[in-house]
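The data blocks that follow each hold one structure.
Both of the next two complexes hold chain A, though its partner changes from chain B to chain C.
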Partner chain A sequence: MAGEIFRNLLKDFRVELRSRFAVNLSISFAGTMTVSIGIVTSGVPLSPQIISLLLWMIFFFSAMNGLSHIFVREVDQGTFMFMNNKIGTDAVYLSKLIYNAVFFAVIQVFITPVFIFFLQVEVKCAAVFIATVFSGGLAISATSTFLAAMVSRAGGRGSLFTIMSFPILIPVLWAAINGTIRSLENRAACGLGNPFFLLAFSGMIAALSFLLFRHVWIEE
Partner chain B sequence: MINIFRIVYILMPLTVVLAFQWAPGAEILGDTSRIIYFHVPAAWASVLSFLVAGTASIGYLFDDKKKRARLADVSHNSCIIGMVLIVLTTVTGSIWAKMSWGSFWNWDPRETSIVFLLLVYSAYFSLRSALGRKERGSRISSAYLVLAMFTVPFFVFMVPRIYPSLHPAPLINPEKKLFLDDKMRITLAFSLVSFTLLYFYILSLMNRISAIEARMVINRNEK
Partner chain C sequence: MKLFSLSAVSLTKEYEGRPVFSGMKLDVSTGDSLAITGKNGSGKTTLIKILAGIMLPSSGSIEFRYGQDVIEAETAARLSGFTAPYMNLYDDLDGMENLCFASATGRIGPETEELADRFGLTVHLGKRVGHYSSGMKQRLKFIAAVMNDPPALFLDEPETNLDADGKKAVFSYIKSVSKRMLVVIATNDIHVKQLCKRSILLGG
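Entry: the complex of A and B
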């Protein structure tokens, strides 16, 4: 199975590098949002609560723009049937999950420094901040991957993906925003509780999705 | 089976009588507290209906011999009832909030978590209508219901206990006590049973209607 996952991952990265559609879309969206917020606030210092909320709203909508692409593309281009013949369902899910996790981590690596720079954010507890950002990103990727597979089967309707993802992602956004506030607010209150919750949530959703994926993806 | 649940025709009117005539009003809240006999059971029955929907979905998805196709209808019907009950919970909660706190909506953790549950399950109906009612649609929307079921404990049990809330101490509180007078306790228990049976009664009726509709489709196709 490892070979199948690797081959599919390689194919997905090659296709993405060729067009760079999803990565350009997500980064452009996040950049536009960050600069717009910076212009509107014009250097006025924002509270850690507002900063955290804005950062995760940008992450959330960037994910909505980019993460469904991986499955919608397979269905739109009609390649999913060939993929299903060549690769086992479990390998399909795991490769798409890894792809989305890496893809979103790349988006976060681009967005976060830009956001910190333009909004003049002072991070009090860098380790917890980084842990929260990446564990939150992983949780968003894990949840979105499975929901993207469902939406692609429903005709890839963009707004449906957002409607379905937002309520399921509320626990993730809640913990991620809380963890970010703590890392910005006070060094003493810094803790790894929120990143651990996010990792546990990612694990739970990934395990559930792994078990349910064949029911969503295989055409019977 | 359905005859057992018909007992709700006696239990529901009795619940109303007990709630308005027999149980006393609470010390500070007075007669407004009587809404507890409808608000709490509606919330309980809505959570129960979502759990039934999730469990029936698991049964449907992991039935490899496809002998339990009706479980997809059971989970869908349970979701419909759950949505109606959660709207009732929100409405009764809002009325109670207006009488107790002076405003219909306060963004209290309990109010907010119920709205999130509403969003989770309204997304299910959007997905279901996008997929249609064919076998594939049932499979995918059942998978969503399983995923949604695992978020319910977060909204119902975790959030209200983490954030400070104006909401009265819930039935399962840190002291593990029920802060109610004996008559109030009996009435609440009675109402919980009545609402549970009402939920199962309506579910059994809806399942029968779904079975009749499925039979009609088969008959039409045979002609």
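Entry: the complex of A and C
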């Protein structure tokens, strides 16, 4: 299975690097939002609560713009049958999950410093801030991968993906925003509780999705 | 060489309550070649997808065997070669990258290079598939289907978009492997039908 995961990952990265569709969509949204917020709020001191909320709103909508493409593109371009014939169902899910996690981590690596720079954010506890950002990103990726497979089989995909994702991502956003607030507020109060919750949530969603994926993906 | 066989019992497929076919019984194994024929909308594509293990029937069952082992539909699908006009390759990748993706090892061996030569694609393998003609795409899909030397081939209208040379190359390949593989073809082309030992007519 490792060979199949690697082949599918390599293919997905090559296709994305050449089309740059999802990466352009996510980065242009995140960049525009960050710069706009930075300009509007320049000189106005923002509380850690507002900063955290803005950061995760940008992450959430960037994910909604980019992460569904991993499955929607296969269905829209009619390539899913070629992939299903060459790659096993479990390997398809795992490779798409890894792809989305890496893709979103790259988006976060681009967005976060820009956000910190434009909003002049002072991070009190860098380790917890970084752990929260990436564990939250992993939780969003794990949830989005399975939902992307579901909506790729349905009509009205763009809106359906966001609508379905939101209720499932509420606990993720709550923990991620909370963790970010703590890392911005006070060095003494910040702990790894929220990043651990986000990692556990990612593991649970990934395990459930792995078990259910074939029922969603195999054509009936 | 391991034998590949499939045995379908009471196979039924319905779309929104409307039966496409029902109660179908079918046994085929290595060395058999079966043509599925019928009018447009008679269910040829649906049946070949179910037999290839890539679609589930509404009711009934198929037992896939590879050697002595009973295998799952998904395993059968991955062991088999499949090509169809509605199955697309990756337009953003070149021909060679599509074949590497399709290869079980992730690499291209001399057998595949020979196939590319046989189907007249050697000089085009470095070009993006999005720039191929529909006939060249069909040839590449055929190579991707047969390159891992599968025990079974499921071909939905393999003659689609091919010129005379392309058809000749595909037909002669099917002829050369039909004794050592299980070959199932959905077609309305009389020349393709003649390549097969048996045929069934759907909706007739």
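Keep in mind that, in the parts below, the second predicted complex is superposed on the first by the 219 of 220 C-alpha atoms of A that agree within 3 Å, B and C clash if a C-alpha of one lies under 4 Å from a C-alpha of the other, contacts with A are read in each partner's own complex, and residues count from 1 in each chain.
What we mean here is this: a contact is a pair of C-beta atoms (placed from the backbone, for glycine too) under 8 Å apart; a residue touches a chain by one contact, two chains touch by 3 or more.
Keep in mind that this is a model prediction, so the values were computed, not measured.
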Clash-or-fit label for the pair chain B, chain C on chain A: fit
Partner chain in contact with A:Ala154 - chain B first, chain C second, else both or neither: first
Centroid geometry (CA): angle chain B/chain A/chain C, rounded to a multiple of 10 degrees: 90
Touching partner for A:Lys11 - first (chain B), second (chain C), both, neither: second
Touched partner set for A:Asn85, first chain B, second chain C, both or neither: second
Touching partner for A:Ser19 - first (chain B), second (chain C), both, neither: second
Which superposed partner A:Glu219 touches (first chain B, second chain C, both, neither): both
Which superposed partner A:Met204 touches (first chain B, second chain C, both, neither): first
First, second, both or neither for A:Gly43, with chain B first and chain C second: neither
Contacts of A:Gly3 with chain B and chain C, given as first, second, both or neither: second
Where chain B and chain C come nearest after superposition, their Cα distance in Å: 6
Where chain A meets both chain C and chain B, residue numbers: 219-220
Contact set on chain C toward chain A in their complex: 49, 54-56, 74, 77-78, 80-82, 84, 86-93, 97, 100-102, 104-106, 141, 144-145
Chain A residues within the chain C interface of the complex: 3, 6-8, 10-11, 14-15, 18-19, 77-79, 81-82, 84-89, 214, 218-220
For the chain B and chain A complex, residues of the former touching the latter: 61, 116-117, 119-120, 123, 126-127, 130-131, 135-136, 139-140, 142-144, 146-148, 150-151, 154-155, 159
Chain A residues within the chain B interface of the complex: 146-147, 150-151, 153-155, 157, 160, 163-164, 166-168, 170-171, 174, 204-205, 208-209, 212, 215-216, 219-220
